[in-house]
Structure formats: C-alpha cells, structure tokens
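Across the two complexes that follow, chain A remains constant while its partner is chain B and subsequently chain C.
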Partner chain A sequence: MADILNIGGWELTSRLFLGTGKFSSNRLIPDVVEASGTQVVTVALRRVDIDFEEENIAGYVPKRSILMPNTSGARNAGEAVRIARLARAAGCGDWIKIEVITDNRYLLPDNYETIEATRILAAEGFVVLPYMSPDLTAAKKLTEAGAAAVMPLGSPIGSNRGLKTKELIRILIEEISLPIIVDAGIGRPSEAAEAMEMGAAAVLVNTAIATAEDPVSMARAFGQAVEAGRTAFLAGLGETHNKACASSPLTGFLRE
Partner chain B sequence: MSFFDLLCKYKNFDYDAFFAQVTSEAIHRAITKNRLNEMDYLTLLAPAAEKHLEELAQRAHSLTIQHFGRVIFLYTPLYLANYCINQCVYCGFQAHNKLARKKLTPTEVEQEAKIISSTGLKHILILTGESRYHSSVSYICACVEVLKKYFTSISIEIYPLEEEEYTRLVAAGVDGFTMYQEVYDEEIYAELHPAGPKRNYHYRLNAPERACRAGIRTANVGALLGLNQWRIEAFCTGLHAEYLQRTFPDVEISISPPRMRPQLGGFMPPTEVTDKNLIQYMLAFRLYMPRGGITISTRERPQLRDRLIRLGTTKMSAGSCTAVGGRSDSESTGQFEISDERSVIEMAKMLYSQGYQPVYKDWQMV
Partner chain C sequence: MRITVNGKDEIVEKGMTVAKLIALKKINPSSVIIEYNQTLAKRKTWDNIILQENDSLEILRFVGGG
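This part shows the complex of A and B:
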C-alpha cells in the first residue's frame, strides 16, 4: 500500500517540504524541486512580486507543486491574517504557513499569536500549517483551532543545529493526532532521517539546501534521507539498549 | 536603562589602553565565540585585529550566508526636498550653502516613482533636509500616499520626530527608518552642529527608540565615518544597534557604515577611514550581531562594493541619485557625490555573476 501523507485533502507521496528564501538565484528552484522530489514549496509572500515576472520567486515554483505561501515578517496574528489574505488574493492558493515572530535574535515563533491566526484562517477555509515552538499545550490548541498540521522547530531557523528539541517533538508525535512536520534547524540529511525515524510526518528544509555548495545535489540527498528515515520508521526500528543483546538468547530453550 | 546611560558607561573609557592590551589569543577567542559581548566586539575593532582579518572574514561570511542566504536586498534613495535649517559643517545641503532649493510636488514624486519602479525596485528610501515648514510630516505623508502605488516598502531618512509623528507615518505606510547619529561623541557633535534643531544631541539619539515604539518594522543606525576615530564610532554604533535589538526584539535592526564623501562646501573630514578599516568594522559587527543588517550605499566605489558583498553586506542601494528630482532633471545638485553610478540592472547582473540573488522586494505592506 502506498505511503500517503494526507494534508488538507491533498495526498502527498514526498515528505520533504522545501523553503526558498536563501538561494543564490530563483532559477535554481525548479532543479532543486526536481532533485528533492518535494511536492510542497513555501515562499514568503513578502518576496512574491507579481509585477516582475523575471524575478518573481513564486513563478519559479513548478506548477505541479503545492505553493505554500508563508507569513514571514508578521509580528502578530493580525498581520499574519492580512498576509494570508493577500497571498490568496494574489493567486497563491489556500495553503498558508503561519510564521509569527516577535524575536529577531533567535527568530523563535510566538505560539499565542500563532494559535489566534490559525483559528481565524482555518475558519476562512485556509489549509493552515503553523510554525511553532514545540509545546504540547500549544499544539493541542492549534489542533482545536483547525490547523492541518503542526510544524515544530528542531532548532532556531537557519541554525543548522539539528533536532535540539527532540524530546518535545517526540511528545508531540505521540500525543497529537495531526501530522507533525519538523520545520527549521535541520542542517544535514542525517538529521532529516532522524526526524522521520522518530515518526515525524515530514520535514521542511531551507537553509541547509539553499546554502550548500551544490544545492541541487544537497536537495537530492535530503530527499533520499527523508525517504530512508520514513521507510525505517515504517519498518519498525529495533530497540536501543545500553548493553549488548545476544542474538541467540540464553533462555530460548524454555519455549521449546 | 536608556541608550545614553549605556553610552555614558564608556564616556571616560580609555580606548587606547584597552586596545594596547588586546592579544592575538583574545581576538581568536572572540572570533570563535558563539555569542560576543561588548568587550569582544571592541576587541575585534582593535588595531591588533587587523592581522586577523582573513580569519574574521571567513567567519563573517559564513554567518551572513547562514542567516541571510546568498541574497542582497536592493533599494534606492529618493530625495524629496533639500530645504534645511541646520548647519552641519560637513553637509552639502546645510542652510548656508548656496544651491537651488527644491521640493518635489506630488506630481514630480509620481514622475520619479515611475522612473524608479520601472527598474523593478519595490523598496524606496525617502529623504528630506530638516525643515518643518517645507518638509512637514503632512507633506511627507502626502508623498508616501503617492509612492504606495509603486512600492511595497517605504523607509524614511528625515529629521527626528515625535513618537506620535512616527505613528502617523507608519499609519500612512512607512515601514522603515534610518537615522545616523553622525557622531556619537557628544563634544564633537556639538562642534559639527553649531546651530539649528540638530544641535540637540539627545533628541536625535533617542529618535530610533521613538520610531520603534511607533511600530516601525526596520531601523537602521550609523555614524558618519571620518568625523571621529572610527573604532570608537563603530563601537558606539554597534552598542546602539544591540541596544535597539534587545529593547525592540520584533524590529529588524541594521547599521550603515557611511564614509564621508566630497560634497558642496568642501569640508575635509578630520580622520581618514581606509578600505581596510571599513572592512574590519563590518566584519566585527557581523560577529557581534550575526542577524544585524549591514547596508552599503553608493558612497563606496564599484570595485570595493563588489568585494564587500562577501564581507557581511546584506543590503545595497542601486541606481542612486542624491539630488532632488535628479532622475528627471540632471541639472540639480546632490547632497554628496556618489561613487557607484551603476544602474539597477548592472548591479543585478554583477550580483548574479558573484553567485548572489538581488532581492527587489522584501516586504509587502499589510
């Protein structure tokens, strides 16, 4: 049976989402999308410029991909909501990744305002994917508010520091019924695989791909890592132990 | 604690003695540290750090790529008016200089806006001299009203205002703010600003805070390099930027390191700031504030600007003109001579050739 990720009525076969803010040229985006196999690409509405076709970042996202505008730059729920509505009016579709950031030093999200924006936008029919600090209560409230998935950060945006919030994400995966998509902080393919092995529904990667020496090859590596991690999760990982475990057990004869 | 209180901490600081004791080890420690404190920043501004510029540059470059990506944000200045009642001894637009004074009418603003927007730029910086009579807040709001049709991000570089006036401009559509303190040393400031409202050091010093409180999204500060010892001014600018970021975490903070340029009146800057000095400043600041913006204007010449892209720069002006209405009337006198006269297209081409994306639009008015 195919392993499908269902979000907002869409059936996705790729579990790698792509960010776009840091590429040396928008012209790389189609090749990166192709190499990674991604089906969901996020673009900051602040960068979308429908008046300037040649430089319009949204124009480089392949038509077969789902364009997920994000509310980068929003400082409160009201701004996030207005950005989302502008995105929809500009023809960017119904998906919206909510980013509400009131801290420029670490770019950590404001969960309270994010919940509020989620409630309003979900009621307006958006497919809402909120970026959040991993917190169980906030994730439950996002679920109640109508989010289509929850996107906790692995570590601060652009930090490439990996899954520093692993324990908190593990709890979200166990407790929240929505897909958990690890967004931000994933610096290498092995970390993406790790998130997938834990049972994350998907990961979103930007900096690690965009700032690699060869973004297209790195995109391919991430695509493979996400797939490997997912397959491992589905295959059922063995337990880890502090001591060696004999593969021929000593008490096996008792069952004979 | 106000920013002035913080500055006062360093009023009698013996910079020379501090710089004299800076060792290579201390510089190396500051370069490899995850989060630098004020003294680490000053350490990187020391003369001894000049020997470590490459090491600094490598770290600054990778931090810039990590936080901003391979992109450079573009903008262009639009001078609305050059009426000025100040007497800043170094400025081409100061009250005593004889030049044709002019302010753009809304129709002329629209003409200039059309010319600029045909280049694809969506971010504009509007400037005026200090004249509440000729360039009132209402006049600026009226210009913003016109510019909103063409640009999605409008910054101001005008005389300091009251918080309520900044609130009015924000409501009108302004999202960015630039104000150079010119010189943080209070005594030198008094000498260089002999008359006019700009004599009030404190009113200017506190203007960025008033703008941030009024809801501005981006704030840019700087010292005009050449008016005082650059290492001290660079240090104070960094402290100011850090203070603003700490106090207003939701505002994007950046600095400009403008060097004096030849201007009408022929003022000779008392101190020289070499290319190497400028670069040391930029690199040290990048390590001190990894997410702080660094704006490089067309005051710098093309060959140098091309190299500064890899040395911490995040934003650059392009297709600049420092004269009022200068894009439609080439006869008018500019505030200072620009060094890089390349068009927006030429700048974009150069950036692409260096593996950087020119970003024409980075904000959407909401």
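This part shows the complex of A and C:
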C-alpha cells in the first residue's frame, strides 16, 4: 500500500518540504527540488527594493510543486491574514504557512497570534500550516481553529541545531491527530531521519540545504534520510534495554 | 500629488497610472504583484488605475523563504 500524506485534500508521496531562502543563486532551485523529491516549496512575499532589481522566485519553482507562501514579516494575526490573502490573490493557491514573529533574536513564533490567524484563514478556505513553538495546548487550539497540520520548531530558524525540542515534539505526535511537521532547526539528514523515526508526518528544511557546500547533493541526502526515517517508523523500532541482550544464541558452544 | 509607495511618500504627476509608474521605475511588470489601497490589483487593471492623492501602493515580489 502506498504511504500517502494527506494534507488539505492533497495526496503527497514526499515527506520533505523545502524552503527556498538563502540559496546562493535561484538557478539552483530546480535541481534542488528535483534531487530532494519534494512536492511542497515555500516562498516569501516582500516589498520590491526599487534600486535593486531581483528575480521573482516563482519562476524557478517547478510548476508541479505545491507553492506554500509563508507570512514571514507578519508581527500579528492581522498582518499574517493580509499577506495570506495577497499571496492567494496573486495565484499562489490555497496553501499558507503562518509565521508570526515579534522576537528578533530567536525568531520564536507567537502562538497566540498564530492561532487567531489560523482561525480566520481556515474559515476562508486556506490550507493552513502554522509554524509554532511546540506546546500541547497551543497545538490543540490550532487543531480546533482548523489547521491542516501543525509545524513545531526543532530549534531556532536557521540555527542548524537539530531537535532541541524533541520531547515536546514527541508529545505533540502522540497527542495531536493532525500531521506534525517539524519545521526549523533541522541541520543534518540524520536529524530529519530522527524526526521521521519518531513519527513526524514530514519535515521542512531550508538552511541546512541552502547553506551546504553542495546544495543539490544535500537535498538528495535529505530526501533519502526522510524516506529512511519514515520507513523505519512504519517498520516499528525495536525496544531499547539498559543491559545487553545477546544477538547470537548463548548455547551450543564448541566446548559444550 | 502625494502618494505612498512601499511605505514611503512620493510625488507623482496628475494622471499617473499604476502601469506608467511601474515603467517609470524600470520594474519588470511580470515579476511583481501590486496591492492598491489594501487590495490586490490584477495586472490587466494597471493601465486603468489613475492614482489619486493619498493613494497607497505596495509593490511586492515573491522571494526565497523558508
């Protein structure tokens, strides 16, 4: 049976979501998308700098990808809602990653405003994926608000420090019926695999791929790690023990 | 005539349209989206929007983000 991740009525076979920030060139993005196998790609919306002509990133994202614009830059629910509506009106589709941040040092999300934005946008038919600080009560409220998935952070955005919030994420996976997608902080493929082994539905990776020496190869490594971790989760990990449990039979030695 | 573009005051000539302003600023129209007085303005309407005193424009673009 195919292992399908269903989000907002979409059936995904890849459980790696890709962020597109910080790449040395947008030209890398088609190859990174291809190598990673991702089907969901995030973008951001920003004011144009009149003095500095940039390209529109949307032109580099393969047409078959689901675009997930984020609301980065929003400091409250109202601003997140405004960005989401603009992105959809601009033809980005219904997916939106809610990101409401007022803390400039650690870029930790405001769960309260995020819940409010989720409620408004879900009611307008958006497929809402909120980025959040892993907290069970907030995750329950996001579920009630109509989120399509919950995206707790592993460690601060762009830090590459891995699953520092592992225990809280474990609790969310156990207690929340929505897909749990670990977003932010995953720095290496082994950490992506670890999240998937724990039962995360997917992971979102950006900095670890974008800032690798060879982003295309790193994208491939992340794709493989996510698949390996998912397969391991489905296979059911063996129990752990404090003492040794011999793997070879302890009887029938030659001297007996 | 004073309008606001991306949060900054600008003086534009009477009769200026959104399309002309974009051309004046040498912005490639296909790479941007425009919010006119808090509402998205589709590209095909840019020729017809004649800017008025105190209008607000946001010229936006999709960029890389995580």
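The working rule: the second predicted complex is superposed on the first by the 237 of 256 C-alpha atoms of A that agree within 3 Å, B and C clash if a C-alpha of one lies under 4 Å from a C-alpha of the other, contacts with A are read in each partner's own complex, and residues count from 1 in each chain.
Convention: a residue touches a chain if its C-beta (ideal position, glycine included) is under 8 Å from a C-beta of that chain, and two chains touch if they have at least 3 such contacts.
It should be emphasised that the depicted structure is a prediction, and the values quoted were computed from it without experimental measurement.
Shared-chain residue A:12: touches no atom of chain B or chain C.
Contact with chain B, but none with chain C, is seen for A:160 once the two complexes are overlaid on the shared chain. In the superposed model, A:22 lies in contact with both chain B and chain C. Once chain A of one complex is fitted onto chain A of the other, the partner contacts of A:43 are limited to chain C, with no touch recorded for chain B. Contact with chain B, but none with chain C, is seen for A:102 once the two complexes are overlaid on the shared chain.
Of the two partner chains, neither chain B nor chain C is touched by A:128. In the superposed pair of complexes, A:202 makes contact with neither chain B nor chain C. Of the two partner chains placed around the shared chain by superposition, chain C is the only one that A:58 touches, whereas chain B remains out of contact.
In the superposition on chain A, A:226 makes contact with neither chain B nor chain C.
Shared interface residues of chain A (contacting chain B in one complex, chain C in the other): 21-23, 26, 45-48, 55, 82, 86, 158, 207, 210.
Interface of chain B with chain A (complex): residues 65-71, 120, 122, 152, 217, 245, 249-253, 291, 352, 355-364, 366. Contacts from chain A toward chain C in the complex involve residues 19-23, 26, 29, 42-48, 50, 53-59, 69-70, 72, 82, 85-87, 89-90, 92, 157-158, 184, 204, 206-207, 210. Across the interface of their complex, chain A is touched by residues 6-7, 25-28, 30-33, 35, 38, 40, 58-66 of chain C. Those residues of chain A that touch chain B in the complex are listed here as 21-26, 45-49, 51-52, 55, 73-75, 79, 82-83, 86, 101-105, 107, 158-160, 207, 210-211.
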